[in-house]
Amino acid sequence: MSDVNAILLLSCADRKGIVAEISNFIFRNNGNIVHADQHTSKADKLFFMRIEWELNGFGLKREEISAAFTPLAKQFKMKWDLHFTDYTPRMAIFVSRHLHCLHDLIIRRHMGELAADIEMVISNHLDARDIVEQFGLKFFHFPVAPGKKNQTEAEELRLLKRANIDLVVLARYMQVLSRKFLHYYPDRIINIHHSFLPAFAGGNPYQRAYDRGVKIIGATGHYVTEQLDEGPIIAQDVIKISHRDAIPDIQTKSKDLERIVLARALRLHLEHRILVYGSKTIVFE
Amino acid sequence: MSDVNAILLLSCADRKGIVAEISNFIFRNNGNIVHADQHTSKADKLFFMRIEWELNGFGLKREEISAAFTPLAKQFKMKWDLHFTDYTPRMAIFVSRHLHCLHDLIIRRHMGELAADIEMVISNHLDARDIVEQFGLKFFHFPVAPGKKNQTEAEELRLLKRANIDLVVLARYMQVLSRKFLHYYPDRIINIHHSFLPAFAGGNPYQRAYDRGVKIIGATGHYVTEQLDEGPIIAQDVIKISHRDAIPDIQTKSKDLERIVLARALRLHLEHRILVYGSKTIVFE
Amino acid sequence: MSDVNAILLLSCADRKGIVAEISNFIFRNNGNIVHADQHTSKADKLFFMRIEWELNGFGLKREEISAAFTPLAKQFKMKWDLHFTDYTPRMAIFVSRHLHCLHDLIIRRHMGELAADIEMVISNHLDARDIVEQFGLKFFHFPVAPGKKNQTEAEELRLLKRANIDLVVLARYMQVLSRKFLHYYPDRIINIHHSFLPAFAGGNPYQRAYDRGVKIIGATGHYVTEQLDEGPIIAQDVIKISHRDAIPDIQTKSKDLERIVLARALRLHLEHRILVYGSKTIVFE
Amino acid sequence: MSDVNAILLLSCADRKGIVAEISNFIFRNNGNIVHADQHTSKADKLFFMRIEWELNGFGLKREEISAAFTPLAKQFKMKWDLHFTDYTPRMAIFVSRHLHCLHDLIIRRHMGELAADIEMVISNHLDARDIVEQFGLKFFHFPVAPGKKNQTEAEELRLLKRANIDLVVLARYMQVLSRKFLHYYPDRIINIHHSFLPAFAGGNPYQRAYDRGVKIIGATGHYVTEQLDEGPIIAQDVIKISHRDAIPDIQTKSKDLERIVLARALRLHLEHRILVYGSKTIVFE
């Protein structure tokens, strides 16, 4: 347990004394805070905090912390989550035929840059199978079959549950997930959209960026909600284009963006740096 | 005439031999090309060119060039414009109450950075009067009066014509110009929109960017057409924001962007680097 | 006093309980924290904090806070500063012949965007006089005279002291300040260097960037120390260039960068967001 | 031969008529120009051009073009190269222990994004062997042996020649190549340096960027010359960092930059968009 930290993510109505109470809780138990970040939304009078401290030397065992913190959380009516840095989340990747983000995640995992395990890759196509299996990962094929969406999703959900999946990544997955599916993974499904949202939400963003003649294109990593492409944005980035960039050039430039933005969004999620708040995020970088 | 260059901007259907014919025309007349840039749009089979050469030593007088070039232009059915670098375009700036872009243009002109004369500033408010007059420029006030839009625009147009205005700049001007007004200055009215178009077209982009929770905001310089915020885009730029940025912070960051993007769009126009093509631009940077 | 906040900037050796003690101090006195940001430098075991709370409702009068906080500061051997948001710092701007940053600061102050008063402009040339006086500001001319540097600086220092200057801004000032001069304004002299430091430290950065053929140029805002161009960096930004950019183009692009980077560095200083730490800065944005 | 283009890269002293002569050469042979870009360096009176036309319908066979163009090239004393777009260059990658750039190139090749064949990977370590062989590529191990540098390089050169290597990529290769080695591949060895050159040339740029407290880090793709880290720069990019970024964070951010900058530099080289000119490059994007 030598190098393990605890991370508390919390939000509540803003009140005097919150910081004092939380830092006292940790100090009382002889904890050493290594990071703390907070934000107060003045308009909504809400308070958000991420606080990380060392378990090493802490007066409570990790399994005692939740119970010990609960009275304080109740007093301030907090929404809160407790995480430990030695847990490696279990991830499922959904992908269709554009494989650049999948490749990138596989390589990052291979290099030890991705703080999650890729438990499985699910696709409605077979294109990804070879590379997935080449890296010793599990591949499941669920072809789209008219009238069978419910059944397919049910099977996918069963797989995800059996594997105790913590996080679903849509790495250019071209199918819309049902409300029911989303319900099982609130704020735990991350999508990469190949435009600078809210510009070019929906289909065909490369073509539409080209047709509109924009001088910059972008990519957006966001949590998936029922309103397609309207989920809370985690990360965005952009790159310049010019009249010389035809659609294949836009695609080439965008693919690098998409890889990086998805990887950044994932890192922020996996390091427990994100609090979702309505349709927005607080990201403690 | 020692340092004056001629600039030819042209477009036509793509055909073999265009570049040869144009460069022969200049070579035949003993011209020295200092810049040339071209673009072929494969999809539409269109050819675009900007070519700049020295008048010094050129075999034709400046007033003879148009006539001499016309047969070639006809042969290829070109749309074309001829400019000379010693002409200083005459500019009118329209502004409402946000003066940062106006201030920036006045200071750039004062520093000799803006290759145009500010012939007049027109506003529906009085806020800009003092600074405009402090720099010895003309200010005209046209308050918005219900039912008098046509009359106001007619008076403004009369002012513009009398002053031989070449270019109208909407430097955060909060009124919509009529179709008739636009008709007099095709591809010669430049607007700065305080968002990354097409995201947040229309009103209140700061508020809407904040509400959506985007992580990057932008600004767009574009030619004005009848479809509000849908004119050909000249220049765009962006800046990162975070959950810490409330609307005043977004505004502060955006104002710097708007100044720079508008100045860049103007510079490109004034250096005759832009060809408008449908709802898009070719920008030869 | 309704909207005034107190801001505490502090640093000390990292120890358990610091955050708890400081937040208790504020909570005990019924203070409402509006912002708090902290950083622990693991390598050096140092703790840095910026904490801002409302004076409105706070149990101590503003003149009592220092005395009340002192025991805690002593206990943790803190370096600390206390600021109030209703004080407008008094600024002197030094400039030579490149006036773009000066213009920008004058215009920002004119628009109410700069949270400081420009008490005076000092120059070794006369170029800036007209614009400075046009805006009703004081201008002092100290031409460079061989063998008289000490005397000139002494006179300048007398002016600065008489005017209770808090902050000196070198807005493209081409003279080196003596060790003695710097001594009077530790971490309170901000310079804009027209390169991406440490690249092209020293003279002629535009020319050297051009000669080296870099594809990106930059600007750096930093505190001035005896080691020229080696002071703690506050802010940097960059812009792309290409082989098409000759030195005048590089200069034009850089000038916009310099304005923005200097304004950003100033804003961070004036909002008390910077802690200097060796040759580096902690910037709580 | 249906979709093959010819690309001519040339430079010479600037003279009237160059463009006319070159475009006439192509027109005379019934060629259709698809791209043309040129640049005149005023200071040095040099002319640079990249011109691309379709072989389809061209009046000369590909093997006749060089001979037919030679008289014109001689007349203007051009340096020139002729390329055809259906030739896939043969690449060797040198790497040490940081494999992120190697991984990226392998994946790009796998996805068909890299217009070159990876003929071999050479390393002074064994770390890369598994992934290289997993993708069916050749791996050669040349451990560093004191006093055997000449011999090792001779063996490497023999391998490169036997495989008709066109381009050597140093994808974080930690050995210095000898003058003799470089001599065999002038302007055909591309290195990725993990800093924004000329800042932090030489070793340990992450550490030195951290120590200096810069707010932005960069990466540079350049041709390798005898002066280490002083070769002609092809591409650069940057990313913001803050005091929160310790050296591992800087490394993580930089690795994404390095991948993208190296890939961009390679793409520009492989598309024959670069003319080297002294210690600088002309890049026709």
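Per-chain residue numbering starts at 1, and chain names A, B, C and D are given in the order in which the chains are listed.
We adopt the following convention: a residue touches a chain if its C-beta (ideal position, glycine included) is under 8 Å from a C-beta of that chain, and two chains touch if they have at least 3 such contacts.
Predicted, not measured: the structure shown is a model, and the values here were computed from it.
Visitor: Could you quickly compare B-D and B-C and let me know which has more C-beta contacts?
Guide: Comparing B-D with B-C, the pair joined by more C-beta contacts is B-D.
Visitor: Hey, how far is the Cα centre of subunit B from the one of subunit C, in Å?
Guide: One centre to the other, that is 36 Å.
Visitor: Can you list the subunit D residues in contact with two or more other chains?
Guide: Residue numbers touching two or more other chains: 42, 244, 285.
Visitor: Sort the chain contact graph into one of these: line, ring, star, complete or other.
Guide: complete
Visitor: Looking at the complex, which residues from subunit C come into contact with subunit A?
Guide: Checking each residue of subunit C against subunit A gives 16-17, 19-20, 23-24, 26-27, 30-38, 40, 42.
Visitor: Using the touch definition up top, name the residues of subunit D that touch subunit C in the complex.
Guide: 39, 41-43, 196-200, 211-216, 218, 232-238, 242-244, 246, 279-283, 285
Visitor: Mind pulling up the subunit A residues that touch subunit D in the complex?
Guide: 99-100, 103-104, 107, 110-111, 113, 131, 134, 244, 252, 255-256, 260, 263, 285
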